[in-house]
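Let me give you the structure first, and then I'll get to my questions.
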Amino acid sequence: MQIDYTMWKAIIYKEWIKIRWTAAIFLGLGILVLINILLRIRHDILFVDATNYWYNVLFRGYNYASMLKFLPFLAGLGISAAQYFPETVNRRIKLTFHLPVKESRVLMGMHLFGTGSLLLIYAVWLILFVIISAIYFPPEIMQSTLITIIPWFMGGLATYFMAALILLEPVWLFRVLYALVAYGFITMFYQRAGLAAYLPALPELAVLTVLSSIVVLFSGYRFRKGEM
Amino acid sequence: MYAIECKNLTHYYGKKLVYENLNFTVEEGKILGLLGKNGAGKSTTINILNGFLHPTAGECLIYGENSQHLTPATKERIGFLIEGHIQYSFMNIHQIEKFYSGIYSRWNSEPYWELMSKLKVTPRQKISSMSCGQRSQVALGLILAQDPDLLILDDFSMGLDPGYRRLFIDYLRDYAKTNQKTIFLTSHIIQDMERLIDDVLIMDYNRILTQQPVNEFMKRFKQFVIRLKNPNADFPKNSLSLNIERTKDRVEFYTYGTLEELKQFLSEHAVEYVSVEQQPLTLEDAFIGLTGKY
Amino acid sequence: MVKISRYILVFIGILAASVALPELYWTIFEQVPGTPNVYYSCTLNDFIMLRPGDNGVTRQDTKGNTYTLDEFEQHLPMMFFRQLMTDGTMPDSIHGVEMDPTAINKARSYFRYTTKDMLSPRPKLWPMFESESGRVNLAMPDDYFRITRKMEFIDAATNEVNRGKSEKFTRALEEQDFLFPARLIAGIPTTRKSCDEGYFVKDSRGDLFHVKMIKGEPYVARIDIPDPMDILHIECVDLRSKEYYCYLFTRHSGVFVVMEGVYHLQRIPLEGFNPFEHELKINCDMFNKTFAMEGEDFLKVVAVDDMYEVVDTYEETWDGIFKRPDGKMFASIFPFELELRIAKTGYVDFYFTRSPGFAWLIVNLIFVGLAVWLILRRRGNLMKNIPDLLIVLVTGVFGFIGTQIFPNKFYD
């Protein structure tokens, strides 16, 4: 399988132009939220006393990272929209499919780039989260909070994948139907539950997230075959 | 090998027939214009050619490959202009050149920048904020810089001022004839087309009206204006004319036939007329003559 | 690849539908059977119960006699002594014992266990209180402990391990031959209790220990338990009577209480209790203890005296969910149900419940027929749609929705 580096560099360049501001804004937003979380923890520990703070986390299910909840979802949605919406305006995806690459390859290439950018943003957020947690809390507390927030990130990835599917679908009726299925699917990642309650579901959710990474090919194919 | 070869092309949208058994070829080095009114099936053909529509029956081959499964190598030889000069308009002219130069191995940016120098835009201006004519200029420059062997242009003249239209036509003809390039274009704007195309394919709803070199068409297809003595007299039906347009005593008679054949027909049917004259036709006049004014 | 992506989408569609549709169904059609609350009456020497019904609440005994609210309260003097005393209807003595409100109150307790108590994420850090501080009120400690490879105390303010204290306690555990790490830690982690009795800890061998802090020093006692006994769950209680420390739930050996001071294990005479399936309600008073075990379709109540000898039992069964009309209709429409959260556990997981029987096959076949008609209507190729039809045959309405929302339209 030959990889034409100049061509892929150009394709990545185009994707980068589309998402760079969105990605930067979300990255910054997430960092701000995490800084806020840090300041909140610091303030609350001073206010209620560390022992009581830990008690709230350990025995009353308090999640100090709860402010993060919908950020991964919004980031997934935003980057998907930034990447794929410009391709759907005036059916511009025709230009992309006309490039001298196999259509499914170029689509997956774009998808990979978007996914990679999203993962990078998530990685930064999670690293900051770990650092903040390690300052104030023992591994047990960090671990159960981490288990609680991981589904949000997986949900964000799944949102990116499903949004791409929906944006590329040429027929409006099916866009709506896919959105309904996506809603049922994505809500699986955001159920209201106690700290660390998601533990047994994590492997299945991970598998589902990975599987959903290629669904964009379906609507891409339907577009190419002229579905009206 | 033909650059383009479409065989028995048939397409239905649901139950509605677009056309059936459409056959045409485009030789390398030639310029074919597919002309027709809106809705006659031009976009359908373009979409099939570009692999964006699967025909109900039949196939199109580009350089011998089925248009639904073009290899990347063949796609590189094809330059595609989408109706409306659709481009990645979130980029500016520098970004878009940088992008495409990495994509196409034969990229020659000279003609692109030559055209861009004539464009009055700021360096950072996004293509989306340009006028229709400016955008078309960008699209033209990109396609020339790509140096494709085959150009497929979907309604490139739509929305363009006469000046831009001429610019396009002159550049394209020059490019194609200098470098032995092939062009397949569709249009419903017929003005100026005779300056560009070698062969013409005229479509009407569901059928092909004619397919021949444009020079021959212009020579053979004639318009005669008959002035009748009696404005209320019926004009007889006939197989000599392809189309007749009548206002009161003025009859426009479109035919491949000769003046003698017409005069013979008129006397055979005892039509009383004041005068019969052949009128010169532009391609646009001929097109309207063939397809009707509605 | 594209075909695979479609099947993934169909699968996701089936998942989403098998969560959403049953949920909708139950919201509309679910009928919860009213199960009775059963109490033992020391005056009637029989069980008396509150049964919710369509016309309100009925109060009856096991022989079917009904009681008014006043009569009901009259026969449960241990429960309603305050009301009876206010009304002036409280007897002076029952079973020869003088009715002293303080004594009555002291002997009363109520405890409820549901499977969710056991099947939920457990805290991994606990506060070790000072058991004998000499002060009236308990104080929250500054640190929390864990028992992993050793016992460690982490100071909450600094997030650092208190080395000295940790080593002290670790040695105390080692001296009792404790095998690290702890598998279960149970206690009452708040200051809102009358006194602190530390924690009950199960080690990796399955043995049981009692761990406390007395005047800053570790107290570790090994509790004799019959071998083998697989302790699944421990619930500590703060009884006014101080009779026992906690309830012990085992896999096959039943439920025990651990008596205060002597650590004697007293088995509760309740046969067939499965902590993974059943709910347990325990009502204690001066004369009797009532243990009510409730499952999906049955109720079993045992009343014992103060020597844990059985004095009376009561059993009742009712139709389980799939034997009731709402459940039967469900099982004839949906082949299965997927839930992410269920009442039984505190965990989120993919809980799959197959509908009993095969009545749903009929509905599935109808959907297969519908799918075939749709294929024929658009002049599709039946052979190419066989996998889809099989999916609909097995998953019914869910598969139908999945295969229709993501159309099977491919050009080769």
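The first chain written gets the first letter, and so on, giving A, B and C; residue counts start at 1 in each chain.
Just so we're on the same page, a residue touches a chain if its C-beta (ideal position, glycine included) is under 8 Å from a C-beta of that chain, and two chains touch if they have at least 3 such contacts.
Owing to the predicted nature of the structure, the values given are computational and were not obtained by experimental measurement.
Of all chains displayed, A has the C-alpha centre closest to the centre of the whole protein C-alpha set. Comparing mean CA positions across the assembly, the chain most remote from subunit C is B.
Averaging C-alpha coordinates per chain places the centre of subunit A 47 Å away from that of subunit B. Mean C-alpha position of subunit B lies 77 Å from that of subunit C.
Distance between subunit A and subunit C, defined via averaged C-alpha coordinates, is recorded as 35 Å.
Annotation for subunit B: residues 54 touch two or more other chains.
Counting only residues that touch two or more partner chains, subunit A has 225. In subunit C, the residues touching two or more other chains are 411. Of all the residues in subunit B, the ones that touch subunit A in their complex are 13, 47, 50-54, 72-73, 75-76, 78, 80, 82, 84, 86-88, 90-91, 95, 98-104.
Within the complex, the subunit A residues that touch subunit B are 6-7, 9-11, 13-14, 17-18, 86, 90-92, 94-95, 97-102, 223-226, 228.
Per the touch definition, subunit C reaches subunit A in the complex via residues 1-2, 4-6, 8-9, 11-13, 15-17, 19-20, 120-121, 123-127, 140-144, 146, 154, 156-157, 159, 189-190, 340-341, 346-350, 405-407, 409-411. Residues of subunit A that touch subunit C in their complex: 45, 49-55, 58-59, 104, 135-138, 140-141, 143-144, 151, 165, 174, 177-178, 180-181, 183-185, 188, 191, 193-201, 204, 208, 211-212, 214-218, 221-222, 225, 227.
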